[in-house]
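Multiple structures follow.
Two complexes, one shared chain (subunit A), two partners (subunit B, subunit C).
Moving on, here comes the complex of A and B:
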């Protein structure tokens, strides 16, 4: 069925409601992954829009509960598109040069297994003194 | 940036930074006047006269993370290269209107590109902002108001990927019906 009007959207709504209920009952409730995609001029010009669309679809396809939002420029314009990933209970990690392939690798290895992937930008590292 | 929809994505980010909760995007394709006009209106914090003069300078930005700000400059340059013009109206506390006019038939006018994907990405990432997207052609007008969408959804989050995919399809189908010049 093609969605052409807001009335058509109502039918999709019912399906989504069911999905949300199922997820709320699952064990993963509350364990939400946060992804922020840098979406300033530098990010957009480097393909941040495609990266973000891909992450939204891929995480949904794998049934991973996530909040995907946009953020501004962190000053790493040379490494755009950049994304910041926060796993539940962990410090945020920033990755650079995130095209679709890199995004898939980050989902496969970091988001799913918790193993860090090459290409981290040390934005929020802490020294031993802190 | 090769697509006008990417400029829209970029300028809307400015509106979001300006703390707007209503952002209107209007695309007007006018064959009679041979113009392709993009207007982005917001109700954010606005700018004073001095700042309006400075924002088209690529070496001005309000950011502290870098020293250049080329978003508006590039949009302006693209409009002027395609036989058009560019303007910004803004008032402190009221909002900002950015308008880029392109010559519709100009060979240097970039294509609109994936406007459906751009709008749904913006809507999904900013569910608390009301977006009104209007696209006018000689064959009719299409309008999508997220306030109406939220009413239809009755509490189901607009940022859910299934809803966003449906919205993208809705936009694509409707733009097709009014024969919007996307590519």
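Moving on, here comes the complex of A and C:
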């Protein structure tokens, strides 16, 4: 393939940008939406994997810059799949029973509009980092 | 294209490859394949992360988890724990030596906190063997901008305005060099990239070529456009096989995309690059010697003028820049002059890459803004002196530079300050020494290097350095006199004044700067016949303190020449006539019973 003009180069860049998007975003994770999906045995058994794939695809489709990572068991095994959403500059919020529909609702209302959605699990512990 | 949810970046720099990082890449790939995760997780070999002290390095994206000293055996655990279960594998995380806590990401590791990465922006981030990843990071956009929006004169002016200075050592303004070469009229001109990195302990240029070869290629093309050259040459030492290999792959990919060759991006500008191999001679880092070597002649410098900008390779106008200088150029075009000149100090803009080596805790490749102090580099980034010993000196600028001491620790690092302090920027080697290093021996070591690397053309350099070495040898053997010290100074200055090229002109620097800063140590060798650091074998004696010796026989069993005798559980004794002063007994003794006197 030959890149013949500057416009061509820009097109190639747009195509390949995806390849390193994951890495670029994780470099400035503090400035974008962060979603952590609990992916311990309990989470996976309740469908966390599907939830995670859905969130990745959906955010990508909507063009929302986000870092989506998996994490270990958050301890809310009764409410799996659970996800923790951190909007830039805000405190993390944990949601329980997140299937695809719930995930769509969270994206629609919380991530896009910043309005809290039902199903928040109050965080009842502090981590040692704090 | 498959959408990967996770990227595993494995360092593919020379340091980490020496510790089997290639096998780690393979192990990750096969482990992920067995678990059918290979379409979700991508493994990428990158360039140097810089933290060579703790290599091999593995970084997991998007979590940004930074694993150190990873072995092939750890791969399975990382996949099971981190990739599948999503929790970091604690035992491989970096331990902060000060707080004893585990650190998961680079943002919290002291080694990275004060660094600003411009020349190394893509090292450890992209796969250097994939041009697409470079393009995704704004690669070749600078070339596109220059070709489509700017005249060669405008582009040269931009480099000039940025204040970029040559990173190879001299610090000559890059834009000015381009302008001078551009003004020459000729049917053919050349752009040469100097990748002949010869300072002992320096590996900045190698790491850039290994980690981000396209940035150099792109900058060379921009330079070609500015000065009116259609041909580029990279002069690289044959002992850098990985860098050569990656450069070749990169050149091939650039040609395939039409980013090298004829009519680049439809602008009518033609440019291509060839590689020339050097045999690793230090003197060939000097422009004229380098050019002669490329022409197939002996690597000997010639008198300037004519400067290469007038008559260089094959007698044509030639612009020679160093690898790191080139690596800075595309960013300046993309981010602008103001951004670039906002970093650094008054007269030295931007950043400098240093290869931090010697007795510091964090050996590695670092990039810091100009104007940072030596203290910040050595104690904050470097993590202080190994084994809690006392800092003594830092050698910058390689064999051409000098030793700086504690009093210089708070001097901001830039071209002019280092010269004022009696050293120089050089290409960026930085070797840290502690209280156990004898400065006379260090000066002798550097002189041995220049002695070997002198091309022999000029008498002062060829014979003068030999004489300097003999005098130093005499001093380290305890046979020196006060006149010898004076002779070092006089002869050193003569060599500086009368040699043709940079090698000879700077070769006495390690002696002159140690004479200035550590005169007492020379005096101790000459007057008291003592080596304060205990390094000069002819001036030290190992002795066992009979009160502290427990008779454990450890020294007796380890002495290679059988100079130690004594009964079990009784004090031992060293026979000075047999002792070769290797120091093994001193290192082995657990009771501090052996002392150097």
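Please note the rule applied: the second predicted complex is superposed on the first by the 95 of 130 C-alpha atoms of A that agree within 3 Å, B and C clash if a C-alpha of one lies under 4 Å from a C-alpha of the other, contacts with A are read in each partner's own complex, and residues count from 1 in each chain.
FYI, a contact is a pair of C-beta atoms (placed from the backbone, for glycine too) under 8 Å apart; a residue touches a chain by one contact, two chains touch by 3 or more.
Just so you know, these numbers come straight off a predicted model, no measurement behind them.
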| item | value |
| --- | --- |
| First, second, both or neither for A:72, with subunit B first and subunit C second | both |
| First (subunit B), second (subunit C), both or neither touched by A:45 | first |
| First (subunit B), second (subunit C), both or neither touched by A:18 | second |
| Partner chain(s) touched by A:60 [first = subunit B, second = subunit C, both, neither] | both |
| Partner chain(s) touched by A:32 [first = subunit B, second = subunit C, both, neither] | neither |
| First (subunit B), second (subunit C), both or neither touched by A:4 | both |
| Overlapping contact positions on subunit A, where the subunit C interface meets the subunit B interface | 2-6, 8-9, 12-13, 16-17, 19-20, 39-40, 52-53, 56-57, 60, 68-70, 72 |
| Residues of subunit A defined as touching subunit B within the complex | 2-10, 12-13, 15-17, 19-20, 39-42, 44-45, 49, 52-53, 56-57, 60, 68-70, 72-75, 77 |
| Touching residues on subunit C, where the partner in the complex is subunit A | 1, 3-7, 9, 61-64, 84-87, 125-126, 132-133, 135-141, 144, 147-148, 256-259, 265-266 |
| Residue ranges of subunit A touching subunit C (in the complex, touch as defined) | 1-6, 8-9, 12-13, 16-20, 22-27, 29, 37-40, 52-53, 56-57, 60, 67-72 |
| Residue ranges of subunit B in contact with subunit A within the complex | 1, 6, 9-10, 13, 16-17, 63, 65-66, 69-71, 74, 114, 117-118, 121, 124-126, 148-149, 152-154, 156-157, 160-164, 166-167, 169-170, 173-174, 177 |
